[in-house]
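The letters A, B and C name the chains in turn, as written, and every chain counts its residues from 1.
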């Protein structure tokens, strides 16, 4: 970790709920964490666990028709973004924080040439002429590995493959040298090989630009490849937070343990079966006390049902919100070396 | 290493050599297909008008005085060529269409060709439809976008209510009320049709209330659909303000759709509303002529009116289709 | 623009959103309007204050709420001293009868053709689709004029002509849904386990379509009411002594500068009916989408 003067981002007790005509749906329910400059933090959890909403809440990025209630704090570079003025927020979005979204097929405006879409972001945050912005956009396209960037800058998005579009999205997100890059399921919609290329690109960019990253994924492999720290979310709350290696090798929370156990391993000699987590995550959650995971948890005790588990420190930097979290629970730790090696090999092929 | 060399000076960047002509050809083919479809529809419409006329259009009975004998009626019928086989009549109809001959007026302007009577009134009707279109766009498109962009807002709720009222209440009735309030009570504008611009005001607004209401509904839902697309969120994540996203991205995306909708509404005017408005406002156009002709059973004049209106409906739709095929960049994708 | 509320206290338990209280109740108003007008149509004679044909020449153009020898005239009287409210109530019956009959006929034709096109495909589909396009491109108002001036204006001729306004919409909806259904996973699954395509479609298509056809029926009924009113307004539709709202508007037209009420009230009722139908249709489309 780099020498820092305090964290880049501090999220405190973040709550976020969506108002629908019928009910109020809680998506994030009291999340607290911090992110240092240059740190890479992974957020994992099933879909609906609130990991994406956590990231979007910080930027107040919601669909235009949505009605949202937020509370808590999200302090980025000293300013609480939840209460920041719209103009400050616009400066932060794209300028200080870049976002790469999940679906590269629909994320780009279908009728605007890709070069222009990147140049638009540059011109919003930097005082440059149209021509300079375009030139910078072409540089960026080249940087993210688009062949013939000068010629293709004027093409519309549908003329690119999914992987190429995701590269363009990344170019857009890093166009103004952000301090923080949020990658929201950035590789989920891609083929495995393309996914590897995009991961390699993100790793390389992080190394070169020194920006912090918030990687949202349901894929532990992606997080293992990209992140220093991982936090696990379940039903709008944090379950566990730890440096990547201990989290994957010795998860303390039963939910993390289950997620780790669910990663199929080819070279596993023991041939134990994949054991799915019984039950479903709650669709909407009540504010009643108790552990959210208790109904699906193998280790739950009476206390779990009506007492919210406290934060328990298992090791320095390794915390879990569980009554039974004192001892690491996984018997067969996840092999990390494979994941790392795979990504690095791939990176070699893409950028010789 | 390629990554360190500067890209070529970004002049007008050459598109890839192969794909561009192919794309253009594809759009051209699509446009031609739509042209062909439109012409088929036009033919069908004209044929349908002929068949309807042949089946029900026996003006002889209604033309003959009530006390006429069967013999007299038959004579009128043979004078009109109605006693010949259907195929022969069809042949004459189509050759007449090509020559611009749709028979003669029997009542309104005795023995004058019917088509010129209708064509003579055409400019007047066209001017009214354009006035109507302007008001429709003014009342429908702009508020529709505003409402779609801010769903649930006051503009949206009031606009939706008014638009539903606009399409629900009989528009000729609105016309009557406008005449009563604005022209008779307040005496702001003249009710008499003339060349004065103010003459277009009331009929134009009446058309605008009806078609603008529908446009509002269509435009609003098209805008709303667009908001759900993720490029809107992405554009905001770049730092664009919401209204900048609307202006720079959403409008660009729905532009073609909007133009198509406006074109459809224009076609719908020729489908009937403008004629009823002419009748309401005593506007000297095709509608007034044809309603009079219909009341007096002047079959050929009505038929000529139907043919002209039908051509306008088809051509308006056709222009919209061909144009949107030619300019919509997204057509290539689908 | 997203509405974001920042609150300083965390969300309370079971808070019902303020939106739910405002939304989703208004449609009962539309039901009430339709029930009222339905009552006019069904039991007009019982509700109507006076005989709508009774002429009292001395009491012509009584303003709304003015009383004459017969008593109070809520909507006033027309140029022959007929009670406008009674006329409006009497007009409901024929207006709704024509509208519903024409809509049902048009819907039946449209559904049948749409199903044939979607199920048989091939040239049948192409022919039906071309027909719907041609029908949509017909200047129907003038075509109706042409037919009515030749056949003579009558209620039955109106009922014969008006369905042509609406059948293409039904045909397109049903065809599209049939096509969609044929390739739907559950239909393919049912066919795979040995059910006949026809049986599956009959059993699943119709129930699936019911709500959308219902919405379209409401919208189409409104459209037909307006079309009938337009034709009757220019004198090509219903003729005296029959009475519909369109004809009443037309009757008041000549005396508009003298008395507004014989024109305004029938139009108001026609508009309210269509408004209620459209409002209900919108409400059910939105619920369906949710």
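As a working rule, contacts are C-beta pairs under 8 Å (C-beta built on N, C-alpha and C of every residue); 3 or more make two chains touch, one makes a residue touch a chain.
Just so it is clear, the structure is predicted and the values come from calculations on it, not from any experiment.
Engineer: Once you've mapped the touching chain pairs, tell me: line, ring, star, complete or other?
Structural biologist: complete
Engineer: Can you identify which chains form the pair with the largest number of contacting C-beta pairs?
Structural biologist: More C-beta pairs are in contact between B-C than between any other chains.
Engineer: Just how far, in Å, is the C-alpha centre of chain C from the one of chain B?
Structural biologist: It comes to 22 Å between the two C-alpha centres.
Engineer: Report, in whole Å, the distance between the mean C-alpha point of chain A and the mean C-alpha point of chain C.
Structural biologist: About 52 Å separates the centre of chain A from that of chain C.
Engineer: Could you check chain A for residues that touch two or more other chains and list them?
Structural biologist: 62-65 - these are the residues of chain A that touch more than one other chain.
Engineer: Two-or-more-chain contact residues of chain B, please, as numbers and ranges.
Structural biologist: Residues 149-150, 242.
Engineer: At least two partner chains per residue is the criterion; list those residues in chain C.
Structural biologist: Within chain C, the residues that touch at least two other chains are 1.
Engineer: What part of chain A is in contact with chain B in the complex they form?
Structural biologist: Checking each residue of chain A against chain B gives 59, 61-65, 86, 90-95, 98-99, 101, 103, 106-112, 115, 120-121, 124-125, 131, 134-135, 138-139, 142-143, 149-156, 158-159, 169, 172-173.
Engineer: Show me the residue ranges of chain A that touch chain C in the complex, using the header's touch definition.
Structural biologist: Going through chain A, the ones touching chain C are 13, 15, 17, 19-24, 26, 29-30, 60, 62-72, 82-83, 286-288.
Engineer: Would you mind writing out the residues of chain B in touch with chain C in their complex?
Structural biologist: Counting only chain B, the residues touching chain C are 37, 40-42, 44-45, 48-49, 52-53, 56-59, 62, 149-150, 164-165, 167-170, 172-173, 176-177, 179-180, 184, 242-243, 267, 270-273, 275-276, 279, 290-291, 293-295, 297, 299, 302-303, 305-306, 309-310, 312-314, 317.
Engineer: Under the stated contact criterion, what part of chain B meets chain A in this complex?
Structural biologist: 3, 7-8, 10, 13-16, 19, 149-152, 224, 227-242, 248-249, 252-253, 329-330, 332-333
Engineer: Once bound in the complex, which stretches of chain C touch chain B?
Structural biologist: 1, 130-131, 133-134, 137-143, 145-151, 222, 226, 229-230, 233-236, 246, 249, 253, 256-257, 260, 263-264, 267-268, 270-272, 274-275, 277-279, 282
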